[in-house]
Structure formats: C-alpha cells, structure tokens
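In the part that follows, the structures are each spelled out as structure tokens.
Both complexes below contain chain A, partnered by chain B and then by chain C.
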Partner chain A sequence: MRTLLQNNLVWLFFAGTVALSFTTDAYSQYLMNLVLVYVVIGQGLNLILGFAGMFAFAHGAFMGIGAYVSALLTAKLGVSLLVAMPAAGVAAAIVGALIGFPALRVSGLYLAMVTLGFSEIVQWGIKHWKSVTGGPDGVSVPAPVLFGHRFYGDYPTFYIVVVVALAMTLLAQAIIRSKLGRAFVAIRDSEIAAQCSGIKVARTKVLAFAISAFYAGIGGSLFSLTQSYITPENFGFYQTTLHFCIVIVGGAASLAGPIIGSIILTWLPEVLRNAQALQEIGYGLMLILFVIFAPRGIAGFLIDKGILPRERFSLRRPSLPGRSRPAPQEG
Partner chain B sequence: MEIATLLSVGLSNGCLYGLVGLGLVLVYSSQGIPNFAHGELFMAGAFLAYTAIVLLGLPYFLSFLIAVVGIGLMGMLLEWLAIRPISLHRSLGRASSEVAIVLATVGLAIVLKGLARIPWGDSVRNLPTAFTTQTVTIGGVAIATQRLLIVAVTLVLTVAISVFFARAPLGKKMRATAQNPTGAKLIGIHTSNIYSATWALAAACGAIAGVLAAPLIFLHPDMGTRMLLKGFAAACLGGFGSVTGVLLGGVLMGVVEIFAGRYIATSMMDIFAPIIIILVLLFWPQGLFGARRAARV
Partner chain C sequence: MSSLLTVENVTVQFGGLVAVDKVSLTIAEGEIRGLIGPNGAGKTTLFNAISGLAPTRSGRMIFAGADVTALGAPDRAARGIRRTFQTVQLVQSMTVFENLLLGLHSRADNPLAALFVGHAVNARGATDPMATITRVLDYLDLAPRVDHLVSTLSIAEQRYVEIGQALVASPRLLMLDEPTAGLSPAQVARLDDLIARLPADWNVSIVLVEHVIPLVVKLCHRITVLDRGRVIAEGTGEQIENDPAVQEAYLGERLNA
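And now, the complex of A and B:
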C-alpha cells in the first residue's frame, strides 16, 4: 500500500488539488493556481539547476517572455490559447538556447552573472518597447476561450492550469528517466567523465537551457492567466529569487522538490501578511538556512526518512566521509 | 563645455562603479564567488550615514566614519553567520559549496533589502552633501564638490589598498590565501580570519561608495541592485583581479555610459552594465585591464 502511494505521488498531488478545488473560496483557489504555476516553473529550474547543475539566473526573464508572448498573442492578435501557450514556451526556449551558447564558453559562477545581465536586458526591453508591450503600464490579459467556452475567473482557470501542470510534471519525470536526463546528471557530476562516456556536452547543455526555458515560458503563460494584468515588474530579480527558493527549499534534483517548494513559498506570503519587507526577509532567511543546514531541501529530508521514495538521480547524501564527488575541473 | 561637464559626471560616476566593483573583486579573489549581497551593503552604508547625519545630527565626517566602520563590522558578521558555515561543509565538494555560497549571498541580499524596507521603504530620502558649497568652477566648468570628493576619495583609497596588499602583513596574508588556501593554512595563516577581514574590507568599500553616492542618487532600499550590476560590469572590465583594473573599468564604464545616455538615448544608461557584463565575459574573459595585474589581490 505504502509503495503504491509512494510510486504515484504525482497523481496523488494533482488529484488532491482537484479535490480541494471543490472546497476553496475564490482567493484560496487563486493561490492554488499560483502553486501550480510555480510547480511548472520550479520543475524547469530544477532540471537545469538540480539535474544539470548549471547556475541559470534568468528564469524570471524566461517567464516574462512566455507571459508577454502569450498575453500579446491572445490580446492583440486574437490567437487561441491552444496556439499562444506553446508559442510562449517555444519563444522562451529559443531565447533560452541562445543564452545556452554562452554557457559553453563561461562556466560556473560567471554563468550566473551572464544570465543575470541577460534578465536585466529582457526586463529593460519589455519596459521600453512600448509600442508592443505597453511599457511599464503592462498588458491586460483576456480570459481565454477554448472549445467555445470562456474560461473567466479563478475556478475555470484552475482547470487549464492543473492540466498543463500535470502534463509538464509528467514530462519532467520522463525527461529525468530518459537518456537525456541521465546525460544531465552525468554533466553535473563530472563534465569530463560525461564527455568520456560519449555524451555530447555542448549539445546537452544548450538543450538543458532550452528545455528549462520552455518550462518557464509555459509557466509564464499560465501565470498571465492567473493575473488579469501583467507588468514588467512581475518578472525581475525578485521573481528569479523566488524560483530559486522554491527549488532549494523544496529540494533540488528531486521531482517532489519543486512541488513542496511551491506550496510552501506560495502560502508563506499569506502568513507574512503580504508585506513585501517581511516576504523578502522570510524568503532570504529560508534560502540561507536551507543552503546551510539542508542543502537537499525538504524532499531530501523526507527521502532520508523513507517517507518519499528514493529517486535514482537525486543528489547524494552529503554526509558520507571521504566519498564526496571530486570537484569538476575549472575552466 | 558640455563635453567637459559630461566628462566630470562620467568620471565621478565611474569612480563609484570602480569602488563598488572593488568590493566585489576583493570577495571574488579570496573566495571565488560573486557577492550578490554587495549592492545591499552599499545601500546599508548610505542608510547608516543617513541615520547618523539626519536623525542623530552628528557631523558629516564622523557619520561617514561610523557608516564605514559599522558596515565593515556588519560584513564580518554576515560572513560569520551565513558564509562560514557553508565553507565548512567539506563534504559538498568545492563546486557545489561555491554554488551554495552564492545562493547564501542572494539570500542575504533580499533579507537586507527587506530589513531596510521596514523603516525606510515608504518613500525616497535625501542625504546631504559633504560640503555646503555645492559647486566650484574650474576653467569655466561648474563641477559639483561632491563629485570632486568622490574622485579624491577613490584615488586615495585605490593607492591605499594597493599599498596595503603590497606591504602590510595582513594584505600579504590575504594574497597568500587567495592564491592557495591550503598552502596558506600550511604556513600558519588562519584562513577563516582572513575571509572575515576580506569581507570587512569589501563591505567598508561598499559603504564608502554608498555614502559618497547617496547625495547624487536617492536613498531607497532598492538602490543597491542597480549599483551591483554596474559594479559587476566594472569588475568584469577589470578582469576580476586587480585593484587598478577595476577602477579603470569603472571609469571607462561611467564615461561611456554618460555619453551614450546623452547622445543616443537616456534609457541606454540602465542597460549598459548588463550588456558590458555579457560581452566582456563572452569575448574577453580576462577583462580589458586584467592582463596588467597591477596588484593581484
């Protein structure tokens, strides 16, 4: 029974959200939608940060690209969401791949700076390309019409969000278990060893960026649906930091991690009375405390306790003396 | 005439970027990480000086000193609280402990920003300038005294830090630790103390930049983020390794930025730093002035 539960946690989580959606008021439903949006983005960031081990600091920008592409396509050109959402993902993925090429030249922490600079440029571009994006005023997002039905309000939006989030989580699971996912892990653990085993490191890294950005783009599109209005301020450094908190607090390199992280970090602001100062202090302290005391996040803790199933490619327990993995060669 | 004015503004802005970049370079060369909390140390320096001058009514230069020493101590405290516990995780391996330290600095950055937002988040504030005379005219060009002070302090500080690394025992120990932490430990250097000292020095540099810059820009909890990017750009141009390199990088950045802002578009001012960061890291990873290595810190 227990193993049966453990092996179907993804399905259980999504079934749980559907069941809960019959009991919520509009505001809790909105929060639940946000949790699912962040599950999608968190899975994307987890693929690149947790599994491929690359420090991409631009998911706020990828999310912004997705949100704006989908909002502008549906609002200004009247394109159906069925086209606009994949287009948002693809647009973010193309940009992500372009940012992935620098990742081949600069390694490690320089990459953090390059991607941070890139996300500033994207935010600047959205702010100043007024004729298309509306500048700092933002864009209002119309309620999508699918199959002749208008999805207006938090409950109808939930059905779109939950279906997409489930599909993206299953896709993430499939990627992690595929040859590509194993290549990510191999590159994370040792780039040279990966190359020696015949993995095309350059191609895999660019692919990791593209896939991760695709997730953020789809997440951005979903995010625009949950908000009636998006502005460039939604997609800045603060947003990227939130994504990092989700993955680190939830547990990097674990499928359950981003789900746990999204639940905690979406509900935390409610506990903190929605004051920006308290939210920042809360997020920052959580990030610091988890990085110091529990680098594998809550999922890592639950896996050690046997509550969550052991995942094949999660980070190894860091407390084995003398068996730490060697530092990858710099350069 | 306009060109001379722009040049004076660009030069003094550039000195500020150089000072912010200097703090980043100090931490980078000792621990190998970009310190994302440095912009907030800059902000904290400005607010501490504001508290001393405006709220407590202390004289300007005493307040300046309080801000620099206070933020220096705060840098030391932050290193002890948030960075040292991670570098002690030997089992993580060098690469992942570096990522963990960077994440901790990101966490510190938003915590500090949140803390500053509680008392000061409601509006923008002004810090008075150092001198009551606002401008002096040199050769027909009116220059703000605050900008002259910035250039003077930066030059003195650059020389002082270069001498410190070349001559002072602590400076030599810092260089040794930066070059080879294990070797430094073997010859009896307490590397943890050296990291504390580095953070204190870097934070003090950030605070100096913050107090000097505050009269020119407005005081706000978010003021550090933009400055952090400009400091990164200066440090990248300088090759992340030398004291004079980062200063030259900052000045180049400040001058080019002000001319681009004046003659191309004002909005260019905000986008210049990230473009420089990306281009330099991609095409000249050693930096434009990195090869000189005037003082490897």
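And now, the complex of A and C:
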C-alpha cells in the first residue's frame, strides 16, 4: 500500500488539487492556480539547478519572456492559446539556449552573475520596448478561448493550469529517468568522468538551459492567465529569488521538491501578508538556513526518513534472479 | 597480436611544464600493459591525453586504425576508449544499476524514444543493453548490489562498479588508474585476478597504472616506465626490474654511489 502511494505521488498530488478545487473560494482557488504555475517553473529550475547543478539565476526573465509572448500573441494578434503557450515555451527555450552558450565558460557564482545580469537586461528590455510591451504599464491578458469555450475566472483557469502542470511534471519525470537526466546528474557530480562515459558536456548543458527555460516560458504563459494584466515588475529579481526558494526549500534534485516548495512559498506570503517587509527578508533567511542546514530541502529530509521514495534515474530495472531487497533508503 | 593503440611523439604541456614529453608507445590487442614511474612522472597525464582530457601539443594517436588525435573525450569513449580514476568517480546518489546505465550513454538510441522507453530501442539493432548489464553484474559479482546506492558500497565494490561502467560499453581499451589504491591485500589479490581475466573474457586491452611494482610485473605482458614525462624503458617485467635506468629513476643516486 505504502509503495503504491509512493510510486504514484505525482498523480496523488494532482488528484488532490482537483478534489480541493470543489471546496475552495475564489481567492484560495487563485492561490492554488499560483501553486501549480510555480510547480511548472520549479520543475524547470530543478532540472538545471538541482539535477544538472548549474546556478542559472534567470528564471524570472525566462518566465517574463513566456508571459509576454503568450499575452501579446493572444491579446494583440488573436492567436489561440493552443499556439501561444507552446510559442511562449519555445521563445524562452531559444533565449535560454542563447544564454547557455556564453554560460558554458563559467560555473558556480560566476554563472549566477552572468545569468542575473542577463535577466536584468530582459526586464529592462520589456520596460523600455513600449511599442510592443506597453512598457511599465504592462499588458492586459484576455481570457483564453479554447474549443469554443471562454476560460474566464479562477476556476476555468484552474483546468488549464492543472492539465499543463501535470503534463510538465510527467515530462520532467520522463527526462530524469532517461539518459538525458542521468547525463545531467553525471555532469553535476563530475564533468570529467561524464566525458569519459561519452557524455558531451557542452551540448548537454545548453540543452539543460533550453529545457529549463522552456519550463519557465510555459510557466510564464500560465502565470499570465492567472493575472488580469502583467507588468515588467512581475519578472524581476524578486521573482527569481522566489523560484530559487521553491527549489531549495522544497528539495533540489527531487521531483517532489518543487511541489512542496511551491505550496509553502505560495502559502507563506499569505500568512505574512500583514508584514510585507518580512517577506523578502524571510525568503533570504530561509534560503540561507536551508542551504546551510538542509541543502536537500524538505524533500531530502522526507526521503532520508523513508517517507518519500528516492528519485529513480531509470525507467527499466534489471530482472536478475536472486536479487536482494533494495538497500535502506539513503541519499 | 595487431596493434590497437599507437601513440606517436605525444607531448602535453601545462604552461612551462612539459608533463608528457614526446612519448611513443603501442598497445597490442588483448595486451595488459603496465605504466609505472615515480611520482610526477606523467602517468596520469598520459592517461588523460589518451582519453582525450588533456590537450596534446604535438604528436598523434591512432586507435583501431583511425586517427583520434583531434577527438574529444566523449567521442573517444564512444569509440571504445574507457577508463577509471584514481579516486572513484561514480554518481554516489545513484544505484549501481543507474551508474552502469551511464556507461551506456554513447549508444545510438533514438533520443525521443529513449525518453519514454529507456534503452529499449537501439538504432543499429545491437545486443540488448539489459543483457549486457546483466552479464557485467554477474561477472563482477555485483548482482546482489544492483539496487544499492553507490554511496553505501565499500571502496572495493565501488571500484568494481567503475570497471563495470566501462565494461557495459564493450570497450576496446580499458585504462585503469591505480585500481588497487585503498584496498586490503585480499581485495588486491581478487582484483588482480579479475584484471588478468579481462582481456580474454571481454576482448579488451588493458593499460594499468600502478605503484605496487611486483603486482605490475606479475600481471602485465609488457611494462612502460615513465620518468619526468619521458619513456625511459619498455619491456617485460624481468627486463624492467634489471634495467639500470629504471633503478636510478626509482632509487636515485644512492644506488650509483
């Protein structure tokens, strides 16, 4: 029973959100939509930060690119969301790959600096390209029309968000269990050893950037749906820090991590709403505490306790006669 | 025995330091070659040059009939040059099985199919990778450990996993960089026995860097001695042991006094 639960946590979580959606008021539904948006972005950031071990500090910008591409295509050109959302992801992925190439030359803190600088440029660009983006005033986001049905309001939006978030989470799981996911982890642990196993490090890193940015782009498109309008201020340093908190607090290099992190970091600001100043300090403090005392986050703790299963990096398992029971879980 | 790897006048230079100086050697098919020399002789750098990790300043390398001098490490790995490291380089948070799968990375799987069916589809219709992995696990007595995290294994077991990670790729050349470091005498004996059997069982040539000279003499068909980046002697164990240049390199002037 327990293994059955453990093996289907993804489905359980998403079934839970659907069940809860029958009990929520509009505002809690809006918060739940936000959680799911951040699940998408968190899974994407986790792929590059948690699994591939690269300090990409630009997901606010990738998210912004996705949100603006999606909102502008639907609002100004009347493009269907079925086209606009993938376009948002692809646009972010292309930009992600482009920033990935110069980023090959640096790692660690320097990579964080390069990507942070890049995201400031993107935010500046959105703010000043007024003829297209509307500048600081932002863009209003129309309710999408899909299959002749207008998805207006928090509940209809939920159905779009939950389907996309589920698909993106399953995709992240498929990536982690494929040779690509194993290559990410191998590069994180030792680039030299990875090369000697036949892994092309540069190519894999650029791919990590592109895929991760794709997730942020899709997340940005979803985010725009939850808002009536978007402004450049939505996609700044604060946003990127939030994404980092989601992955680090939730648990890097674990599929459950971004889900846990998204719930906590969407709920926490609500608790602290009367103390706005505490929010940003709170994020910073939380990041510091977790990095020092629990670098694998809440998910890492739950995996050590055997409550969550450890992350698997393969789809198939060998069928060997007389195979022993798996070792006690340890990370 | 035909030659598998030919290294011709290879030089590796780091700034002003010539770590490998015009080294030439030829490894035959099925051979176990020892590579010895005092600390700083350039053994590991030569390993790195052959695996494609250290950029060579001059010279060339022919592997299995093709010039691989310009190829990077991943391409050489794909052609069958595999190695282990002085300190074990496995992904500690993965199981034995998952680490072995890493060794299969160069297989020409359809990338999209690989995303959804693992390694089931192979473009060239080669042997089932699962069969290879099972064979390697059995050969190395690792089958009972297949689902264990590498971090829970002993150093000796981790060294076997590292050898297994190379073997699953059916390498032509396997380079072992001090595989017995940190092992007990009993474990060393068992590993020696394994290395001696590898060429016949897996159709692979071995290059072995080792500090324990008697062990190298016992295992290797031929031995190459490096000192300060140069080859100072090459021959059978007996020839090497009696070579005055080798004795001087290891024991210094004292022997001559």
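One rule holds for everything that comes next: the second predicted complex is superposed on the first by the 309 of 331 C-alpha atoms of A that agree within 3 Å, B and C clash if a C-alpha of one lies under 4 Å from a C-alpha of the other, contacts with A are read in each partner's own complex, and residues count from 1 in each chain.
To be clear about the criterion, contacts are C-beta pairs under 8 Å (C-beta built on N, C-alpha and C of every residue); 3 or more make two chains touch, one makes a residue touch a chain.
Everything quoted here is computed from the prediction, not taken from an experiment.
Trainee: In the superposed arrangement, which partner chain does A:Q195 touch: chain B (first), chain C (second), both, or neither?
Mentor: Touch status of A:Q195: second partner only.
Trainee: Just to be sure I read the superposition right, which of the two partners does A:R105 touch: chain B = first, chain C = second, or both, or neither?
Mentor: After superposing on A, A:R105 lies in contact with chain B but is clear of chain C.
Trainee: For A:Y283, decide between first (touching chain B), second (touching chain C), both and neither.
Mentor: In the superposed model, A:Y283 contacts chain B only, not chain C.
Trainee: Scan A:I187 for contacts with chain B and chain C and give back first, second, both or neither.
Mentor: neither
Trainee: With both complexes superposed on chain A, which partner does A:V95 reach: first (chain B), second (chain C), both or neither?
Mentor: It touches nothing on chain B or chain C.
Trainee: Does the superposition put A:M113 against chain B (first), chain C (second), both, or neither?
Mentor: first
Trainee: State which residues of chain A lie in both footprints, the one left by chain B and the one left by chain C.
Mentor: Touching chain B and chain C on chain A: residues 318-320, 324-328.
Trainee: Which part of chain C faces chain A closely enough to touch in the complex?
Mentor: 51-53, 72-74, 77-78, 82-83, 85, 89-95, 97-98, 101-106, 109, 111, 114-120, 130, 133-134, 137, 143-149, 151-152, 165, 169
Trainee: Which bits of chain B are touching chain A when the two form their complex?
Mentor: Against chain A, the touching part of chain B is residues 32-34, 82, 85-86, 89-96, 98-100, 102-104, 106-115, 117-118, 121, 225, 229, 232, 236, 267, 270-271, 273-275, 277-278, 281-282, 285.
Trainee: For chain A, which residues are in contact with chain C within the complex?
Mentor: 174-175, 177-180, 182-183, 185-186, 189-190, 192-201, 253, 310, 312-320, 322-328, 330-331
Trainee: Help me check something: in the complex, which residues belonging to chain A touch chain B?
Mentor: So the residues of chain A in touch with chain B come to 53, 55, 102, 105-106, 108-110, 112-114, 116-118, 120-121, 124, 128, 237-238, 241, 244, 248, 276-288, 291-292, 295, 318-321, 324-328.
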